[in-house]
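As structure tokens, here come the structures.
One chain, chain A, links the two complexes that follow: it is found with chain B in the first and with chain C in the second.
Showing the complex of A and B:
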């Protein structure tokens, strides 16, 4: 048993990177390993509510994120400073997430056995 | 120590694969074990056998094949990443496979398994 942490730092529609990270995440969860997700930097844009990527023929990420709870993912965290710097507010997010201060991130990451760049 | 390695960048699109290769060589030389190398995202292109770089550049794919032949390193290209990018092992369609010697296609479960077996997981190329 290992604790996995996915650190999501890329915006949601920059190629397939985010979707491919979520595929990994769901595989880890399917192996019954504890998984946490931390959204940092431009990664926080994946959480913004009201996105219509289908207008551009892109696949939405939000349903995948919403399904993580079903997969037994322990929780979603978001760095508060990353939200503020991008003009996003917790109430404007599509999913319930827990806030974490930048000063706490290093300790949070250190607590994981396997850290994956999402 | 046992290492699980992941490579996410294309062979021509960054230094991830090159750095990983140098790391693995150094680790093996010091007696460490490489549980598996998992090629994901654009890293899937590392397995293409048809790549023929100019003679004065590193033979990217060939040196991975040599690593597999000489040290038994398990080189797995993620099957879903490969299918998305048109990289085939020939099993799923009627074409000849695209993979170079020493590479095989495998699912993400092999990546998780490698992480669980290894002491350290290292990801290269984003």
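Showing the complex of A and C:
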């Protein structure tokens, strides 16, 4: 048993990176490994409410994020400073996520056995 | 046993080095490789941030990636340590977990 931490730093709708990371994440979770997800930097844009990727003919990411609970993912965290720098607010997110301060990130990462760059 | 942070993008093209340094913990290590080795040049715009980080973390630079880019050891800023591939493996064994900022 290993504690996995997926650190999501890429913006959505630019290639398939975010979807591929979520596929990997769900695979790990399906094998009953503890999984946490941390959204940092441009990765926080994946959480924004009201996204319409269908306008560009792209598939939405939000249903995948909403399904993570069903896969037994321990939780979603978002760095508060990343939100503020990008003009986003916690109430403008599509999903309930826990806030974490930048100063707490190092300890959060150090507590994982495996860190996946999502 | 601190975290080993891997950064591979030039600081002049990507914010990933600064984003990494903003989240390192005391006793962590940062390894600059591929395009990120340009951050190690004396006088680089990234140098002040790296010098500040040295108070809390060790910063390593992958020597083969410097050589490939024509950067001599004398051109590397004070306080940064050069490692070869064996040193990279050793760092990987001495730290956990490993976080990539690619």
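List of remarks:
The rule is simple: the second predicted complex is superposed on the first by the 118 of 118 C-alpha atoms of A that agree within 3 Å, B and C clash if a C-alpha of one lies under 4 Å from a C-alpha of the other, contacts with A are read in each partner's own complex, and residues count from 1 in each chain.
Note that a contact is a pair of C-beta atoms (placed from the backbone, for glycine too) under 8 Å apart; a residue touches a chain by one contact, two chains touch by 3 or more.
This is a predicted model, so every value here is computed, not measured.
Of the two partner chains, chain C is the only one that A:7 touches; chain B does not reach it.
With both structures placed on the common chain, the touch criterion links A:24 to chain B but leaves chain C unconnected. In the superposition on chain A, contact of A:59 is made with neither chain B nor chain C.
In the superposition on chain A, A:112 makes contact with chain C only, while chain B stays out of contact range.
When the shared chain is aligned, no partner comes close enough to touch A:86: not chain B, not chain C. Contacts of A:102 after superposition: chain C is touched, whereas chain B is not reached. In the superposed model, A:40 makes contact with chain C only, not with chain B.
When the two complexes are laid over each other on chain A, chain A has residues 114-115, 117 in contact with both chain B and chain C. Put simply, chain A touches chain C in their complex at residues 5, 7, 9, 40-41, 102, 105-107, 109-110, 112-115, 117.
Contact residues on chain B toward chain A in their complex (touch as defined above): 8, 40-41, 80-81, 84, 107-109, 111-112, 115-116, 121, 123, 126.
For chain C in complex with chain A, the touching residues are 2-3, 15, 19, 22-26, 28, 96-102.
In the complex of the two chains, the chain A residues touching chain B come out as 2, 4, 16-17, 20, 23-24, 27-28, 30-31, 33, 114-117.
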